[in-house]
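The two complexes that follow have subunit A in common; it is paired with subunit B in the first and with subunit C in the second.
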Partner chain A sequence: MLASNYDGMDRSTVLGLIAADEAMNGSLLSRRESRIVNVFVGSSKGGLNNLLSACSTRRTKVPPDFLMESLHTATSDAIARQFGFDGLRMAYISSCTTGIHSIIMGAKYIAEGRGEIVLAGATEASINPLMLAGYESMELFQKTPQCLSVQ
Partner chain B sequence: MSKRVVITSLGAITAGGCGISRLWHSAIEGQSMIQRLKGIDVESYIGAQVDDLIICNYNA
Partner chain C sequence: MKPFDRKHDGFAIGEGAGILLIESLDSARNRGADIYAEIVGWSYGCDTYALTAHNPDGSAIVEQIRQALKMAKCTSAEIDYINAHGTATAQNDTAEARAIKHIFGKQSKDLNISSTKPVTGHLLGAAGSIEAIITALAIKHSIVPPTINFSHSDPEFSELNFTSKKCIEKKVNMAITMNFGFGGHIGILILAKYA
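The block that comes next holds the complex of A and B.
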């Protein structure tokens, strides 16, 4: 997939697609097997950049897929579309543990015999002034590089 | 009866670069991916940020 094809997608979705592409290349799944893949890829902030961009430009008209591209399920949907998966599309969300939570739920899904293959993980693109202000307000963010090697 | 679950493949894009091998190499070498954040007004913050060039240069 060429980088130019990412136009209109939120950064979190693009990152998720690139990671999914590597996983799919390594999986050696056949085309038939790929059709039954379930996607459990979450994003705790979702398409935050898309939403903020639309707000900052005071747009009153948006494309029909704007909301779908901005929700927490946007990356699961994009991966399923990109690779032709017909399975379940889910987005488990649990803040910083979204990735491991998704993997656990994917493993559980297979262990219970509800599916054969799950592509699971998480993606995040939340480095922007608004989110940083939120982290700072919660006193979660290290603002000065004390004890860390910084280039 | 619980079915056996195996991991057959991995994929990652991180501040260390694109791909599992880069992430693994950074981890075992103890390389920090933390640096000053780019592209935002508040430059005093640090974090692990994926460089835009990694995305722009990616062609599957």
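The block that comes next holds the complex of A and C.
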């Protein structure tokens, strides 16, 4: 996918599209099978960066796709558009269990016989000054800087 | 980040996305898909102990693990690996380790437990999805990923096997991945080797 195709998208959506692309490449689904794919991809903060950047510019006018690209549903919508999926799209939100709940809900959907295939997971892009300040004030960040290599 | 270490002092956040393709067994078999793991059980629920902490006795987590084991029709002794939430905060690690100790106490030497967050950072909303992928890969490749920064065990949990520093090769037939969220959310997922 060309970088220009990401214009207007929040970083969380871009990350989600890249992960969906990897999942689809790994799955070797045929185009015919792909039509029935359901997408359950959530995000705990949604398009927060898009919202913050719009606020900081004090714009009175925003692009027409601004709202849709800033919602929590933006990533599952973008994935469906990218791959032409006609299945159900959901964006479950439950703070740090968003990802595991999306997978559980996907598995449940299949177990109930309502669908055959679900792309399930979550995306997150919330490293920005506002969110960092929020976590910092909750005193949840590690206090000692640390960098160790993976062995 | 030093999850489950006596000197744990909080997390570092990360960004990213984790997405799995899950499908019915019939669909996977019919198209000859390469099956990484089978989803055999899950449970989800909440407690309302505090805004940013679960009950430190781990009781709400214990209940959800029990429900997931029941759905998977397996005993705690059959679990080979737990990919823990392990955020390296006192609130999380204490409640989580107590819950694991409560359920798996007797088998805990053979049960490998790790938090992969020191490698990935805490991906917050996306943490559960990348950790489910890591758990599926542990099953697929028979490798238990380590808790890289773990070095000082907590006397309360000295019998728990927090696989540290290096990954180990081990056949993983059944594994649990679990996550907890601010507000009291709990999610438990059990994956098994597809045979």
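Quick note on the criterion: the second predicted complex is superposed on the first by the 143 of 151 C-alpha atoms of A that agree within 3 Å, B and C clash if a C-alpha of one lies under 4 Å from a C-alpha of the other, contacts with A are read in each partner's own complex, and residues count from 1 in each chain.
Criterion: a contact is a pair of C-beta atoms (placed from the backbone, for glycine too) under 8 Å apart; a residue touches a chain by one contact, two chains touch by 3 or more.
Not measured: the values here are computed from a predicted model.
**Q** With both structures superposed, pick whichever of subunit B and subunit C touches the larger number of subunit A residues.
**A** C
**Q** Of the partners subunit B and subunit C, which touch A:Met24 in the superposed model: first, second, both, neither?
**A** Both partners, subunit B and subunit C.
**Q** Touch test for A:Glu112: subunit B only (first), subunit C only (second), both, or neither?
**A** first
**Q** A:Ala122 contacts which: subunit B (first), subunit C (second), both, neither?
**A** second
**Q** Looking at the overlay, does A:Leu15 come into contact with subunit B only (first), subunit C only (second), both, or neither?
**A** A:Leu15 contacts both subunit B and subunit C.
**Q** Where on subunit A do the contacts with subunit B and the contacts with subunit C coincide?
**A** 11, 15, 18-20, 22-24, 26-28, 107, 110, 121, 125, 127, 132, 141-144, 148, 150-151
**Q** Give the list of subunit C residues in touch with subunit A in this complex.
**A** Residues 1-2, 9-24, 26-27, 31, 33-34, 39, 42, 44, 52, 85, 87-89, 118-119, 122-132, 146, 148-149, 165-167, 177-183, 185-189.
**Q** List the residues on subunit A that touch subunit C in their complex, please.
**A** 11-12, 15-16, 18-20, 22-24, 26-30, 33, 37, 41-45, 75, 79, 93-104, 106-108, 110, 116-127, 131-132, 135, 138-144, 146, 148, 150-151
**Q** What residues on subunit A touch subunit B, complex-wise?
**A** 1-3, 6, 11, 14-15, 18-28, 107, 110-113, 121, 125, 127-129, 132, 141-145, 148-151
**Q** Which part of subunit B faces subunit A closely enough to touch in the complex?
**A** 2-5, 8-13, 18-20, 32, 34-37, 39-42, 44-47, 49-50, 55-60
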